[in-house]
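Labels A, B, C and D are assigned to the chains in the order they are written; within every chain, residues are numbered from 1.
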Amino acid sequence: MSVTQLRFGMVGGGNGGNIGNSHRRGAAMDSLAVLSAGCFTRNFEQNKKDGAAWGVAPDRIYRDYKEMAEAESQREDGIDFVSIVTPNFTHYEIAKTFLEHGIHVSCEKPFTMTVAEAEELRDLAAAKGLEICLTYTYAHYPVLQQARRMVADGRLGRLISVVAEYPQDWLMLEGATDPSNYASWFMDPKKAGMSNATAAIGVHVWYLIKSMTGQPVDRVLADFAYYPEDAALEAASHTLFRLADGTRGLLWDSITAAGHDCDIGIKIYGEKGSLEWTHCDPIHLRVAMKDGPVEIYSAERAYLDPHARAASRLPAGHPEGFYEAFANIYRAFCTHLLDKKNGVDGGGYFHPTAQDGVDGMRFVAASVKSYQEGNVWVRLDEV
Amino acid sequence: MSVTQLRFGMVGGGNGGNIGNSHRRGAAMDSLAVLSAGCFTRNFEQNKKDGAAWGVAPDRIYRDYKEMAEAESQREDGIDFVSIVTPNFTHYEIAKTFLEHGIHVSCEKPFTMTVAEAEELRDLAAAKGLEICLTYTYAHYPVLQQARRMVADGRLGRLISVVAEYPQDWLMLEGATDPSNYASWFMDPKKAGMSNATAAIGVHVWYLIKSMTGQPVDRVLADFAYYPEDAALEAASHTLFRLADGTRGLLWDSITAAGHDCDIGIKIYGEKGSLEWTHCDPIHLRVAMKDGPVEIYSAERAYLDPHARAASRLPAGHPEGFYEAFANIYRAFCTHLLDKKNGVDGGGYFHPTAQDGVDGMRFVAASVKSYQEGNVWVRLDEV
Amino acid sequence: MSVTQLRFGMVGGGNGGNIGNSHRRGAAMDSLAVLSAGCFTRNFEQNKKDGAAWGVAPDRIYRDYKEMAEAESQREDGIDFVSIVTPNFTHYEIAKTFLEHGIHVSCEKPFTMTVAEAEELRDLAAAKGLEICLTYTYAHYPVLQQARRMVADGRLGRLISVVAEYPQDWLMLEGATDPSNYASWFMDPKKAGMSNATAAIGVHVWYLIKSMTGQPVDRVLADFAYYPEDAALEAASHTLFRLADGTRGLLWDSITAAGHDCDIGIKIYGEKGSLEWTHCDPIHLRVAMKDGPVEIYSAERAYLDPHARAASRLPAGHPEGFYEAFANIYRAFCTHLLDKKNGVDGGGYFHPTAQDGVDGMRFVAASVKSYQEGNVWVRLDEV
Amino acid sequence: MSVTQLRFGMVGGGNGGNIGNSHRRGAAMDSLAVLSAGCFTRNFEQNKKDGAAWGVAPDRIYRDYKEMAEAESQREDGIDFVSIVTPNFTHYEIAKTFLEHGIHVSCEKPFTMTVAEAEELRDLAAAKGLEICLTYTYAHYPVLQQARRMVADGRLGRLISVVAEYPQDWLMLEGATDPSNYASWFMDPKKAGMSNATAAIGVHVWYLIKSMTGQPVDRVLADFAYYPEDAALEAASHTLFRLADGTRGLLWDSITAAGHDCDIGIKIYGEKGSLEWTHCDPIHLRVAMKDGPVEIYSAERAYLDPHARAASRLPAGHPEGFYEAFANIYRAFCTHLLDKKNGVDGGGYFHPTAQDGVDGMRFVAASVKSYQEGNVWVRLDEV
């Protein structure tokens, strides 16, 4: 009889943490995976409290992730995969540990601190026959499945320009840059690595471009801006890029764009028509075919591609938000793992992989190098 | 030691049903209630399958709701409340059964088929010291907590006009009126009762008006339209109303408004300023104070009233959708039940109650009467 | 040889007056009429100054409108029509005077103070073979020609609901109600007549409904609101209506809707699709056909009906505003007058006529009566 | 006694030409200049017909612009300035001729075919004490005067990023690239010069950036795209830039962006707040101050800077469009010329000058050079 549900564990995400909730709620939404083990926070009392609320058995709450990897890999009913939702600079060690214990990994972005670490994890997983899922969220809103398929089906013809952005303003908010602020580590090269805005949000734009156009970004040419003026890492990037087929593009991201919440968006222009999507209105897609009126596609509507339609959980007009976009990644990842477990070849399901983790790091590294060398083209495969 | 988590059961909602998912996901989101029993569908095999996926123990999957009420009321670890997500015409019997067994009730709207049934349930609950929660969803989006408090705090001054609407088009969709269509029962007076659009969606508008203005609707004057032209029940209502303090208002709802998904909204105009919200953009509130620029408030932002801010689960700009609005009702209802269980007087939390169920039925009945009697004023307390 | 250009005069509109500019600029835009005479203001020095700036010969600047009507009617090169842009309560006398002198009339709305006066002017014009044009502006934006034709061509099928509104907030602005304020006469029954908001802006909504649906409003049922609370005339109306074919409708207008500039709009729902337009975005029309995506039509685009397309003066995306909507009325009126002068039967051109002036007054009178008699249906043909 | 009205002539703009209407209507709107002479088209019959319709005396309709410059410069009542609205490649000769005859010039953009020509005209005007006005339209919408002043007053603090765009799709429209199409000359290097999209619309974005930030663009780094793929001149540019103070920026323009009419816009981000404007909604300005809600400023409202408010001709919410933006340039230019004529030092009024013509050409030339040399920085002062 085939397996229909997985078990998963979580490292990080305790004590009211925001991103942990997104993973936990997203993974639970379709009942394809049950939270069964965890090391949610370093405070063991809080850890137990969180685990109890989330239905984790007391003996599967762990004091550290190494103990967890060890113990779970020994159990008959051990976890199938782990969700890693700790700060960036810890991803590499944690992911490596679980992979070494034969456990699949779902990991927050950016994947690692360096391209080399990302490649090492990718190769380790491959060598062990394990899967890695990255949680680049935004491409997984339902109407973007329509966008992706329209491009893939040639509905836009040859692409001409791609324009994408991600403005937000968290760095400008009262208290954001105080050392006491939780998020202030983003500004510290020791913890954040080589980049602030590009690694934190630019990489989301990169993935949106890549997954909507179906093409890798071949090269970037980046210019950075700083806030405060003497910050060690950039607060905004302004970047030209080219896709593999030569299509021209331009992206910018900023964490100092006052009045913008989380306003990632993309516009794709081809010889036959154009597509536009913004996170400010996540359930609609703007479609314009040459010589016709602009059309507004709404999630779940019958005129959508059946695959795109199936990405919705609710009838048209009932907004599905950030948690549901997360859930879409987990649904694809879990279905893929279940197929594997059941020896079925389901053909794979759309979700970000280890290679996307590697390429995301290459995008960050290439952007940084381009800026440091005076705004020159840097190919992603040369960093 | 205080109780921190409840157990709940569900009647209906199995077999991929839409509204059941909203309740299940909404109730689970904050880990304040664990799904522990169910009678999800009449097909027992599917029932067991659904229960297994959702983590319900096999011995708490029931063949019918009466058996469930009986058995759960006997268990030491029986459910604290039941969620009723079946079609309207069954609510009354099911709710009554659980109340009689001492179990709190969360019920889909409209509450019942008649005002009398609604009053009977309300009174039964009161007599037994039990709570009833209705799931009028839309007023529970985070920014509407800001709207509610601004009106209550007098920020708009004396109200002048209230304008609300709920256009959608499900009745026009391919196949909607085929008898084979699941939703076709909405058009059948035997199953839907005295009203189609007003009971199905008008009542949502009524609750939005009532909860945002903080005032009951005193009277209505309604005009109905039909689609198809010879339908037994109305497809649209166009209604004047007055609030308790005499404020004038106007609402319309339609299930034949082509191109509208689920576009409920409200505008409130007072002597000092105005508020506007639409479900098409659920995370923003439009605020305009006399002589100043229009302001767009965004959920979770620091400038909001702290209570309104606390209604968000995610940072600004990360859209919270329909499931999260549901979760907000369940969070309030469960917190209230936990307070009760723990002997704490928490002062209550904003959620729709049995009285809102009764008044909703009065709104529907008064609208129908107003139309039938030739578009005359009908007071809600006279039906 | 055929005449290609008319001469017109203006009564009122001097000294920087707003509405006078709209008429003057609108009438001049297509060079179909040249401003040739005027009595712009009671201050004769200013009158002469204005006339000089606008290219009017000094001998055709008049001290009062009676003198102007007399003199112009005697001249070989006398004006073909007069534009009346004075306050409401003066329209009747001025229009009557020019009609009696054989001069066509273009008149601001509302036409008169009473239905009887409006009918008298209409009949006087008819008796003398003269034309009257009313300047209900909003229906004359280019994309509304598309809307009008789509309804007329049956593209929406049988109509179900019509919803229209006109919120603005001038009455709430700093100083608006001071007796010293120019516009304060709108609040004075002696000068404004029986109505404030309904006569000032509701009548615009009425005309928009009538001209877009192609049907007269048959009856209204109105509820009024007041600001300040003890004002003599209403500041907002909330009105149910029915079209001649029984289509249900609902309209509201308010001059106390904080944060609304001039936000007239209309939504028309039929069995096959819907249309929506708002003055907040005047160059686009929202079209939604049953089962299809929402479409946004843009003025001047090639996919429009050729007549609708011809209503634009600029390429798509170059906004045409209020003056151009005015110009469209004048273009139609002048073309009609030129046809008449040249003995051509051009078939008429879409512009508001004397009958629209009469019916607009009936709409106001019926609304007032409905409110005064306790919110009852009043037919427009019974006032 | 002081002069209050000028006389102007026009070269080009006859026979229903679009851009000629914009100049003619814009210049006439405030009665500061009367169209008094013209050479509107090469067809002399049409020329006379156009002139007659526009009130030009028959003896001031000319067969060619040289004759016109000669004759008008001899007349006592000769024109004060000429509006040049012919295709780009003719601007230089015509402007030079009128300047040599002592007549001020208003000229369409782009100014000339080369930087050298532009400088020659600028220097010739300076040597003769004459004025040149360029008609970069978009910066002259009323709310942009508010934007300009807010930046100048330091309301945004130090600037961080500037993002601007101009997508339109004329090149994709049915028949656009046919040699028979009027606009096909834009694709021909012999007539359009070194650039298509950058010269036609990019230069508008450049001027918007420059006039809103109050800073020159110091350098550009451009990447071009082509449509059709083998076109001689670019159809889209994707460009990084830096302002004089080092502020980073990014702009793109495209004439192959399906579904975009004329959608120029700008976003300016500073340390204290941000501004955003788009031509799709020309009467509003989005303002967001750090830690506050987004504000929507509306043209003509009392809360605006008095200078910005004075840029409106109509009450708030009455849309002013493209013609009125043109009229704002002409109002400023004419007021400046009147001051000069009356020997008054009015301090100048905001309008584009000869230097803006030169710098616009530098922007185009630098963009082309940057692209041709492999996407490298090119300073505007080095081309």
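Brief remarks follow.
One rule holds in what follows: contacts are C-beta pairs under 8 Å (C-beta built on N, C-alpha and C of every residue); 3 or more make two chains touch, one makes a residue touch a chain.
No experiment lies behind these values; they were computed from the predicted model shown.
In this assembly, the chain whose C-alpha centre lies farthest from subunit C is A. Between C-D and A-D, more C-beta contact pairs join the chains of A-D. Work out the mean CA point of subunit B and of subunit D, and you get 55 Å between them. Computed centre separation for the pair subunit C/subunit D is 34 angstrom, with centres defined by C-alpha atoms.
Subunit A and subunit D have centres, each the mean of its CA atoms, that are 43 Å apart. With touch defined as above, residues shared between interfaces to two or more other chains in subunit D number as follows: 173-174, 260, 287, 291, 294, 298, 302.
On the side of subunit B, the complex with subunit A involves touching residues 4-5, 18, 21-22, 25, 28-29, 31, 34, 53-55, 168, 170, 173-174, 260-263, 279-282, 298, 301-302, 313-324. The part of subunit D that touches subunit A in the complex is made up of residues 158, 160-161, 163, 165, 167, 169, 172-174, 221, 223-225, 227, 229, 235-236, 238, 240, 242, 247-250, 252, 254, 256-260, 267, 269-274, 276, 286-291, 294, 375, 377. Across the complex, subunit A meets subunit C through its residues 287, 291-298, 301-303.
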